[in-house]
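The chains carry the letters A, B, C, D and E, assigned in the order they are written, with residues numbered from 1 in each.
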Amino acid sequence: GQLGSAAGPGNGSKKLGFALSTFTVPRYVKVDLPNFTNAASAQGYEVISQQADSNVDKQLENVTNLLSQNIAALCLMAVDAEAGVALVRKAKAANVPILAYNQAIPSKDLGGYVSRDNVQAGRDMVAAADKFLGGLNGNFIICSGQPGDQVAVDITQGYMEALKPALDSGKVKIVSQKFHAGWDPESARKQVEDSLTAAHNDVVAVLCNNDGLAGGAIQSLRAQGLATKAFVSGLDATSEACRAIVLGEQQMSVFTPYDQMGRRAAELSVKLAKGENIAEGKTYDLGGGQVPWFPMDSRIITKENVVEHVKQYSPAYVDAKVAFGNIPASQLPPGAAELVK
Amino acid sequence: MSTNVIEAINLQKKYGDVTALRNATFHIGEREIVGFAGDNGAGKSTLMKLVAGSIGHTAGQLLFAGKERQATSPEQARRDGIEIVYQDLALCDNLNVYENIYLGRELVSSVGGIRVLKHSAMRRGAHELLERLGIELTSMLDPVSTLSGGQRQMVAICRATAFQPKLIVMDEPTAALSVGAGQPLLELIRRLPGEGTAVMLVSHRLSDVLTTCSRVYVVRHGEVTTCVESATTSEATLLQLMEGHPDQEAGRPQGSGKSITESGPALPARS
Amino acid sequence: MSTNVIEAINLQKKYGDVTALRNATFHIGEREIVGFAGDNGAGKSTLMKLVAGSIGHTAGQLLFAGKERQATSPEQARRDGIEIVYQDLALCDNLNVYENIYLGRELVSSVGGIRVLKHSAMRRGAHELLERLGIELTSMLDPVSTLSGGQRQMVAICRATAFQPKLIVMDEPTAALSVGAGQPLLELIRRLPGEGTAVMLVSHRLSDVLTTCSRVYVVRHGEVTTCVESATTSEATLLQLMEGHPDQEAGRPQGSGKSITESGPALPARS
Amino acid sequence: MSTSVDEPATAAGAPVTVRKDPRKLLTYSREAESTTWRLLALVAVIALVWVVFQQVTGGVFVTPRNLTNLSVQVSVTALVALGVTWLLVARQIDLSSGALIALIAVMIAQSEVIHGWGFGVTVAVAIGIGLFSGLVNGVLVTAVGIPAFIATLGAFSYLRGAGYLISDGSTVSGLGSTMFTLGNGGLSPLPSVILIFVLAAAVLVYRGRRMIADVRRSGFRASQLLSLVAICLGAFLALWAFGLYQGIPYPVLLVLVAVAVASFVASQTRFGRHIYAVGGNPEAARRTGIKTKRILVVLFVVAGLLTSIGALIQAARLDAGPPSTAELMEMAAISAAVIGGTSLFGGRGTIGGTMLGAFLTGSIANGLSLAGVNTFWQLVATGLLLVAAVATDRRTRKEGLL
Amino acid sequence: MSTSVDEPATAAGAPVTVRKDPRKLLTYSREAESTTWRLLALVAVIALVWVVFQQVTGGVFVTPRNLTNLSVQVSVTALVALGVTWLLVARQIDLSSGALIALIAVMIAQSEVIHGWGFGVTVAVAIGIGLFSGLVNGVLVTAVGIPAFIATLGAFSYLRGAGYLISDGSTVSGLGSTMFTLGNGGLSPLPSVILIFVLAAAVLVYRGRRMIADVRRSGFRASQLLSLVAICLGAFLALWAFGLYQGIPYPVLLVLVAVAVASFVASQTRFGRHIYAVGGNPEAARRTGIKTKRILVVLFVVAGLLTSIGALIQAARLDAGPPSTAELMEMAAISAAVIGGTSLFGGRGTIGGTMLGAFLTGSIANGLSLAGVNTFWQLVATGLLLVAAVATDRRTRKEGLL
């Protein structure tokens, strides 16, 4: 009597599993999960979600526990791509179809893959730096996220790819690159502080894997009077980043419409749960097989579109008061003042 | 009975299934030196700890200056003016001599409202206290863990005698002392009643007990079995009482010692 | 001199700036019971620890059965057949009575090549050892932390006497013992030479030392100052030697006691 | 001097003729007795937690499948905690377990996937690293004289760094099938049931006989009966869970073996006694001629060994060697031990207690996860439950309720 | 019986007429002396680390700017470690510091940004939370009887969870300008120089006089002179670094005040002595009538207070309240204390040692970061350097080289 065999498509279960990698990055709790849940319940499915604190071990337990709750399909945002393979294997053994979310998993057993391209996000940041600096030239600092976290690894890889020509020609020098356990902003602040000291303030850009790290970096730039002068990038376009963008201390943040992404993933998961085919043209080569791929476009948030972004995602994701509060009206971009009121 | 510093009625102490003490009934008058003698494991230390409040009794009554105490604590005992030299000394090994002596009662002076320790006054005070016992230590400033067995014991004794208490409980104070150091201590003990202090003395040196105390309670197998006047008791008798030879058990003391049960006045009715 | 179990020549022990012991010269013959007397802090325990290897000397020579040991260790001392009752007992408070007694020398039986503890044999053994000293404990199975002061001391004594050593060092073994328990111990000590064991006895009970030992070394201010034969020495003399009255210092003992320095044979030349 | 003298009634009353101490002679150890009560209290707390979660999760918690999952989830912590328990008993600590697991997991993946070495070689490499790392810790502590906290905190950092360096920060997955089976397979149900049955019967017979002997000698003690009942219940649950689902998973089997060996060593060998002696009074142990340093080194090495077995399970379960794995594992292990009654100040601790401690924290994590509690609330609940569980445990024992 | 008897030559020799013990009477504390040596050894190790980093970073390490940065980077750890030191001395531990900092940082941001409360209110809120959390830990440990390890491990979890819950996982930034200045501003160079000068002079005069008195009484001791030299050097470095760059940063000023107060309390008040008594022998302290439980509660509250000041600095420096901040801060604080000579077994530890410990770990982190060492190598190097530094420290003292 293996209970596991009771799960899976066509068994009539109306439960979907959603295994996320972390909640400490606001987008997941505030945008992805609610949109996923709403879209699923619109189709009569209940969502059981788990998150893993960016910890591969915890994700293994999460998935094991989800699988033991008789789910019909699993949407998985793997903490670690490679470590995700075993999870897919487990799900397959339990006869539960699986949809990779946000993070590719190199397994041909995947039912599909909904993604933001993290490597592309890294390239986008470098492109923005190129534009801001008028050519890639000078000393760069890179603040990467949690060591081993695939998002951090991919974005950093994107930086390196895009910077390669400039690095090879010697025009750009990376004075410091560091991974920060727990994505700790204070740790990023220390890194940038020390790197500025070492480089005698001769730094033109700080590429950060997310907005929190960017926040830490900005503080040390401020202390040296370099904020607004050096290029700073981030990811997720949080309230904090929007504020820094308005103040000119951060030049851009990469944002993916996570609401759409969540809804899309829910639709696809329901289809998988019902045992339907979701193959639809685009595929992704995961080394060993092609899987159906549903890429989501990211957008770049800058001073130009920040008000629009806040308008769209406030209060669910960003807080206008945090973004625009206590900033002199003269500095506010048009339309921002109304949002604070 | 209101002049009794301490009085115990059918005191009992159980550690789980082990009864360390039962039916302990005794009293200590003001300015009296009373001995407690008994075999190893008889329950003397348990009794002393009950008096000093470091453990609580499980049955019976304990009265200080006529007032009953349900829950005793070391703080309460100190407030009642009870000091104790524990058999295990209870010194803080990481503190030095004078810090141990003044522990919990440090000398302070008020500097702008803040009470600041008077280190040198305590050092001098400790020095004087030790001199009363006729000794000198190589260093007052080193942790007591570096002292010899006897020296440690003297520190514990100084701590108990430093603050003019109403009652000093001494659990084997001379065990580690050399003869040369033991005599001054016994003399000190004899002087204590004159300073208003009663003493409860536990010692295996029966001669010391008999020469120092007015009365001696015999503790045997966890019971306070009898009480003798030391003036009329020989060491041999005391020993027999402690060991409980059959003829002693029946209340017929041998030799020159007399059990007060027979010779003393009848028990006064307790109010 | 090859019959000496142990011999020390100008042994010295410094703790940093403190000289606990200097010029300690003495020897213990086979099957001899030798006493060490001295004031508190004289350095007796330091000397005993040196012999037992639990601390190392800073100068001088220490010879076991005629062989010099540069670095001593407790393991080495045990292998040499030296046992010790420490003044602080050195018991493991969390272990029970028999575990403490057999610590480091547990009884084992080989079960399929694996040495398995013989718990009940050790329990019985401990029981017998305690009976030799005429005592009984409420529980052999409870941690020794729950025992009374005297009971703990007996455990330490049992541990030292259990394994027919060549030399037992006893640092104040009777300090916490009642008279009733002390006598059997002294008798046991007197029996030890018959079993091939020499004894070094430190005690503040001078009468015990004089009645039990053949010779007594006097330790004063960190020096082994003199050696007396107990048969010809009174307690008072010994006390005076310990305290170092001026006339004693010059080597003229008072009373009935005679310093061996004067009466004994001349020092034989050491090879 | 007061002349009025009290005399207890008894002394003049019935004469006592025996020399023997009339106070009860104990033929059992009160210390062991109180340890038993502590363990029973922990069992009760775990049962309580289970009942609550069974309600909250709508009956999913106590099912054969979830209990099997739970037992596997707990296994790595349990193995590591076993080694840590002994270190704590001997007044040491090990903060490097998590980092060591990560390094070994990385090396396992390297060995199997990159180098294509076989299962045997891989196991040898894993265990070798564990032993060596333990040896380094032990030598630093004993020969160099660095406090264990610092020595193993250093290892916490450099071992983790080594794991990242070797793997270059990325996970390698797809281990060999034998390794995969080690983490994900198990004994099939029938032999499992037989094994549990035999084991439980053996333990019950052994303890039952001892209980009967003890009852004869020193009377009936509830703790003994309750332990028997607890063992029966545990065996029944195991039979039910493993019998009805997939048998005993190999990780659980490894834990069982380790626990059996460790319990035997702790109570039946010299070495076991010496660990407790060193922890109870290191100076006394040294003076008794026990080679305290050697014991400490061995303990660090044993901890390394157990950790490496844990790493094998961890890698096998993940089917990969992620360098970030087993974060905070050292904390989990230490808390399992402390919850189980091990003192951070040495001399006190039992293997059974540690296993129950690991089970309690594991149950809380598993239950909260099953109940689908929001993560942030999960953090809060974990903390509160931990405190509440230990508080209940202490209270229960203090007031003798159990 | 042997009849040949040895007699030391001295006894029969020159007669001694004094009753006084001729062995040297110590007029200083050897314990304090050895503590001084330990601190000097640490200073030497730090100096060594600095020299190495000065080479490796090509002269960037020992510059006014970097020393200023370093001192600020260390300040939060130093404040937390101060409270932890006392807890360790009293045989307790605090694992909740990092989580508490995160929670308070979140609350600071909420208060200033979301609620728009002023600086004063925000500080009150921050400190209030710190005190309350410390109180809860203290009560759990003393009244409920949960081991500090478990009680604060629970707090480690639930405080972190609370931080995430309140912030909903997102960072709020843009604190008020006063708060910002607290973390990023400082005393201007001139008053800073005067302050350092006055402070150093006061310390030097006080210690110099004591040294002269001691030399008269018990002779010259190298440790005393070396301490004076070390203090001079430290003052000189501070003058140079703060005078030439931006003056004393406020975080450093707060640390200085805390250290001064704590040192005074530790050595000059009853409370200070009682902490050490409780740690040295809790049972003896209790029996002497010291209210040990009250002391423990106060210590937990003080730790909470210092942590809340650390949280203010942390939030002010980041100009934000990130709920994920200060991970592993508790470990950093405990290691600073242990490196500085505090025993995990209670009764031993100094504030000066802890400060040096914090400075050593801070220097290693800063130096590696300046040298641009790759993250993974940084982890390895941190671990190895930590072990090597402490080993050097122990060796130096053991062999009396220093």
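Everything below uses one rule, namely that a contact is a pair of C-beta atoms (placed from the backbone, for glycine too) under 8 Å apart; a residue touches a chain by one contact, two chains touch by 3 or more.
Here is each chain with its UniProt name: B, C = Monosaccharide ABC transporter ATP-binding protein (CUT2 family); D, E = Xylose ABC transporter membrane protein.
Computed from a prediction, not measured in an experiment: that's the story for all the values here.
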Set of chains adjacent to subunit A and to subunit B: D, E
Count of contact steps on the shortest path from subunit A to subunit C: 2
Cα superposition of subunit D on its sequence copy subunit E - rotation in ° rounded to nearest 5: 180
Most distant chain from subunit B by Cα centroid: A
Chain pair showing more contacts of the two, A-E and C-E: A-E
Whole-Å gap between the CA centroids of subunit B and subunit E: 43
Separation of subunit A from subunit D, taking each centre as the mean of its C-alpha atoms, in whole Å: 39
Approximate Å spacing (C-alpha centroids) for the pair subunit D, subunit E: 34
Overlap residues in subunit C, where contacts from two or more other chains coincide: 15, 18, 41, 138-139, 146, 243
Per-residue multi-chain contacts in subunit D, two or more chains: 21, 23-24, 26, 30, 164, 169, 375-376
Touching two or more other chains - residues of subunit A: 23, 29, 147, 179
Chains grouped in pairs wherever the two touch, ordered by label: A-D, A-E, B-C, B-D, B-E, C-D, C-E, D-E
Residues on subunit D engaged by subunit E in the complex (per definition of touch): 91, 93, 95, 140, 144-147, 149-151, 153-162, 164-165, 169, 331, 334-335, 338-339, 344-345, 375-384, 386-387, 390-391, 394-395, 398
Residue numbers on subunit E that touch subunit B, as the complex places them: 20-21, 23-32, 267-270, 273-274, 276-277, 279-281, 283-291, 347-348
List of subunit A residues in touch with subunit D within their complex: 1-4, 23, 29, 48-51, 53-57, 60-62, 64-65, 68-69, 80-83, 85-86, 89-90, 106, 146-149, 153, 179
Contact footprint of subunit C on subunit E as seen in their complex: 1-8, 10-12, 15-17, 19, 21-24, 26, 30, 33
Subunit E contact footprint on subunit C (complex, rising order): 3-4, 10, 15-20, 23-27, 29, 32, 41, 214-215, 221-227, 243-244, 246, 249-251, 260-261, 264-265, 267-268
